[in-house]
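What follows is a set of notes on a single structure, which appears directly below.
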């Protein structure tokens, strides 16, 4: 088991290294002087010189890369171009907002998705199953930023029930929760459909297994079969998919953050990208990738640990 | 012990009593036609047939384990005093276990791969609410020991993949025994096992009849298995029972041309030194023909076989022996129907 | 028996898979096959018998290079392959054909049977792939022309097996390796497949290596029998000799375990108890000692060597059964025959 | 007669081709009937037809030039003259929506075709090639998938400037890893199947195994999944344009309409609704249709699409 975790972690570090390399290459492929791009055409030569020295841009490319990797290994993501604050601090400031949004979306989507999936299985082949299927597939198909826009339009602009902007004042839990409702609705809706379909498919597969026939041959009730046996097997089958899904949810809340002008990793990446704030781009993207990769490892380790067959094989 | 759910059937009344039972999938795909079959207490009855003969459908119909599209009909279908044809879903579920328990062909998939064996066996005892976990545990350990599983306590925490096929089939038999069923249905119980394990499992099943007094209905395509364990045999072909009698009667003096041909093909019965094995030419027809289903492949068919359905005839006083054939019924002694 | 170089001869062939664990910290490799030697002469039918876990399927695949042997050698017509690279196996693969246990899965699900039958001729670039010739090929195995247009899953078990044999025959191999050739077939049709093998041998002098767990099915067709237990040969010899008088207690147990279709000859006790040990935990000494009714203390500590005996017989046992044991032939003569 | 034309006879006889045609036609008809037999499939097909026809006839349908600015008539309410009103630059929204259909379809089909063409060989090589190469390629795929899409979008936009090719390139970059991984998984599982082992035992060369036996078994499922992914790609295009990383602002695209509408959402809801409804209809239509098609052709493929 330990070996398995170590191997997974090594792969994760390799992925992050590759991502850093890709980012580095992208920034150097971008035409024009990065200094001018960053500081704008009106900057004075002195400013540019100082900027180059600060960013290490006056050194050879390989040196810069080496420096970057050394700094990354030390956990130093560099300084923001504009505010000169450490990027890591800035990222850590907004990270809770993104994690809160992802968690909120995920929790309600998982709960509703599980219930819908189970209900569909119980009504397998009847109209209830069909209806849940149709609703689920529609939820998946509708783009999340359109959901975000329309919920903003209806609940914030027209009805004025919920805030349209921001994440609520720090310290005001009620306001923060209210500010979370619309974004997490928009982000989670697709996942409701996704999870309910996953659960349904996995459970129907589980219900077709031979051992279910054994349980039935002993008069064990359908409820017990569904909730104690099929659901466990289904959850095991979809656990890794869901964990990886959570990872992509962390990176995928960018639309909700922009539409609702909510602080977060996605919004920060977007602003950094638009303003060519390369150290910040590097920092946010690396942190996002790291979160994603961590979820990937967690998914693998969790499902390996929960499945007795895999657990004994590794 | 658990309260009696059902009125105990009269002593020596058949455990399973089927008369003219038919099963079809949907409205138009018959699988089993007009089957008469009885299993008496402490009796081991075998059903032998090739693929497509309907033997598995017949076995599954006893517990109502057929797919939803299946339709059952018949004059009488009694299991341990309960009427299967009139039973609804809850009544059927109540019969499963105490009235009849079943073991399946592939022991490797008969248990959930992600639950421990102890957990699964405990769940099968769901009826015994009154008993504590420790009591159930003790019963399970006793049953596992009874079927010859070494270290039964340790096996409670084991998962199915940690046991061999033979061991799992023993666990399946132990699960059936926990129910103290009136009838044990075994659907090809040794087909997935190695031959040395097959001999041990057959021996175990036979000894259980002696010790626990359980009746057994065993389904197999293997003549050797049937001969090893059964008291009485029914031969199925295209959904119908074509011959039925004591195992001695069938194996000493098979009357139906199909049974005869089947015996002729059995490699173990082909004399040493013969290199070419006999076969039955042609293909098994779909069940549901109105005349003799075997006529197209029969070496001794007469004109009459293509005109009227063969009667179900008693063909001997002792041992009791029935055949569904024109030739054997009338002449009592037909020439061998062995194929090429 | 003709004394000529074997068509194919495996000498001390072993197959092992890496043990579990981290790189550099793995457990010992698991040995699936341990120094199996086996020769098939031209036109000979050799049956390799073993229970699950005996490595019999692995042997068939290793012989054609589908599984890479870890040691040993393979010789064709007395000439050893230089190594186990794909290049070395080329010539051998052109002369041999492999029949899989599940014939349907051995066909490309998206190609029609007729096209698949012509496949070896396409690959080898020899022989005609015209429709008429493929129909003739199908006719050789008793498969009607209409089946050629079907997809594999639309065939019955017997038909699919015949189609697989036809594909193997299309380049007239000198050796056919068949893994469980009668698995999943009804008693009334399995004889047809075995008879087909005899026909093929008569016509083309093709040799066969039949790999099976089912002694009773192949007993009539085998020239020679090799018994595997946990990846090792425990006994081999001419079919008649081995069946009539097994020397190894395991062979004896196998023969006795086969249920006899005669209610008068039921066994009071199972001939052997216990189950095949896992290859991950091989017993010490003679690997059969855990189940052997004749086991002595020596069997627990000292592994027996496979020794040559007169009459092309080999046995690996410290205390083999005496030659003269006379098991009654299991075949019961029916009144009519 | 037709059965040997696939592989056995290099030159199919006229007779064989003749009997091949009706078979393909019949297959098409049964598939279509299957799709139409489910309500969602029928709705999907209707929507897909509507969208494809609109895209084809867009310039004919659109009453105005979608890029013509009319500052005097800004944010006009829907009227007979302007069915959906105008946006903040006075452009006719109806015309922009209609021509946006064409943009969406162009991007979706080009991007998907390119992504498939790249992913197939990559996945086959990863799945059938040596293990070290497989490991390396999977590492690459994982790295690219872990990058936020907006990062890819930015890199490409800065490198080659905004525009249609940019969007297509971003989508291709985004899709190739997941398709290639799918092809790889399929190839890996096929590789251990008996029929590939049988080919190896028959001494078939690697090109023959790859192109004659693996490819046909991989490409069918992939095409069906690609059909299901049309709606994902349409969403991607709209999303990129919404973020300002897609097609140029003046080009009519649903994402641009939404982006413009978002800026004025407090003044008028019409632009947001006008841009969003066709986008939703398109994604629903292609999803319903794709799922019905998959169920008709190969129900085992049910792979769930992530939102």
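Letters A, B, C and D mark the chains in the order given here, with residues in each chain numbered from 1 onward.
In the analysis below, contacts are C-beta pairs under 8 Å (C-beta built on N, C-alpha and C of every residue); 3 or more make two chains touch, one makes a residue touch a chain.
The model shown is predicted, which means the values in this text are computed figures rather than measured ones.
*Asks:* By the contact definition above, name the pair with the higher C-beta contact count: B-C or A-B.
*Replies:* Pair with the higher count of C-beta contacts: B-C.
*Asks:* Averaging each chain's C-alpha atoms to get its centre, pick out the one most distant from subunit C.
*Replies:* Result for the farthest chain: A.
*Asks:* Can you give the whole-Å distance between the Cα centres of subunit B and subunit C?
*Replies:* Spacing between the chain centres: roughly 32 Å.
*Asks:* Distance-wise, how many Å sit between the C-alpha centres of subunit A and subunit B, to the nearest whole number?
*Replies:* It comes to 55 Å between the two C-alpha centres.
*Asks:* Centroid from C-alpha atoms only, then distance subunit B to subunit D, rounded to Å. What do you get?
*Replies:* 54
*Asks:* Using the touch definition from the top, list the residues of subunit A that touch subunit D in their complex.
*Replies:* Against subunit D, the touching part of subunit A is residues 11, 14-15, 18-19, 22-23, 26, 29-31, 134, 137-146, 149-150, 152-153, 157-158, 189-191, 193-194, 197-198, 201, 241, 245, 248, 251, 254-255, 258-259, 266, 269-270, 273-274, 276, 281, 285, 288-289, 292-293, 296.
*Asks:* Which bits of subunit C are touching subunit B when the two form their complex?
*Replies:* Interface residues on the subunit C side: 51-52, 156-157, 186-192, 194-195, 198, 213-217, 219-221, 240, 243, 253-254, 256-264, 266-267, 269-273, 275-276, 291, 329-334, 336-337.
*Asks:* What does subunit D use to touch subunit A in their complex?
*Replies:* 39-40, 139-140, 142-144, 146-148, 150-151, 154-155, 158-159, 231, 235, 238-239, 242-244, 258, 261-262, 265-266, 269, 272-273, 276, 279-280, 283-284, 286-288, 291, 302, 304-307
*Asks:* Help me check something: in the complex, which residues belonging to subunit A touch subunit B?
*Replies:* 209-211, 213-221, 224, 228-229, 232-233, 236, 306-309, 312
*Asks:* In their complex, what parts of subunit C are in touch with subunit D?
*Replies:* Against subunit D, the touching part of subunit C is residues 61, 64, 66, 89-90, 93-94, 96-98, 100, 102, 105-116, 118-120, 122-124, 129-131, 134, 148-150.
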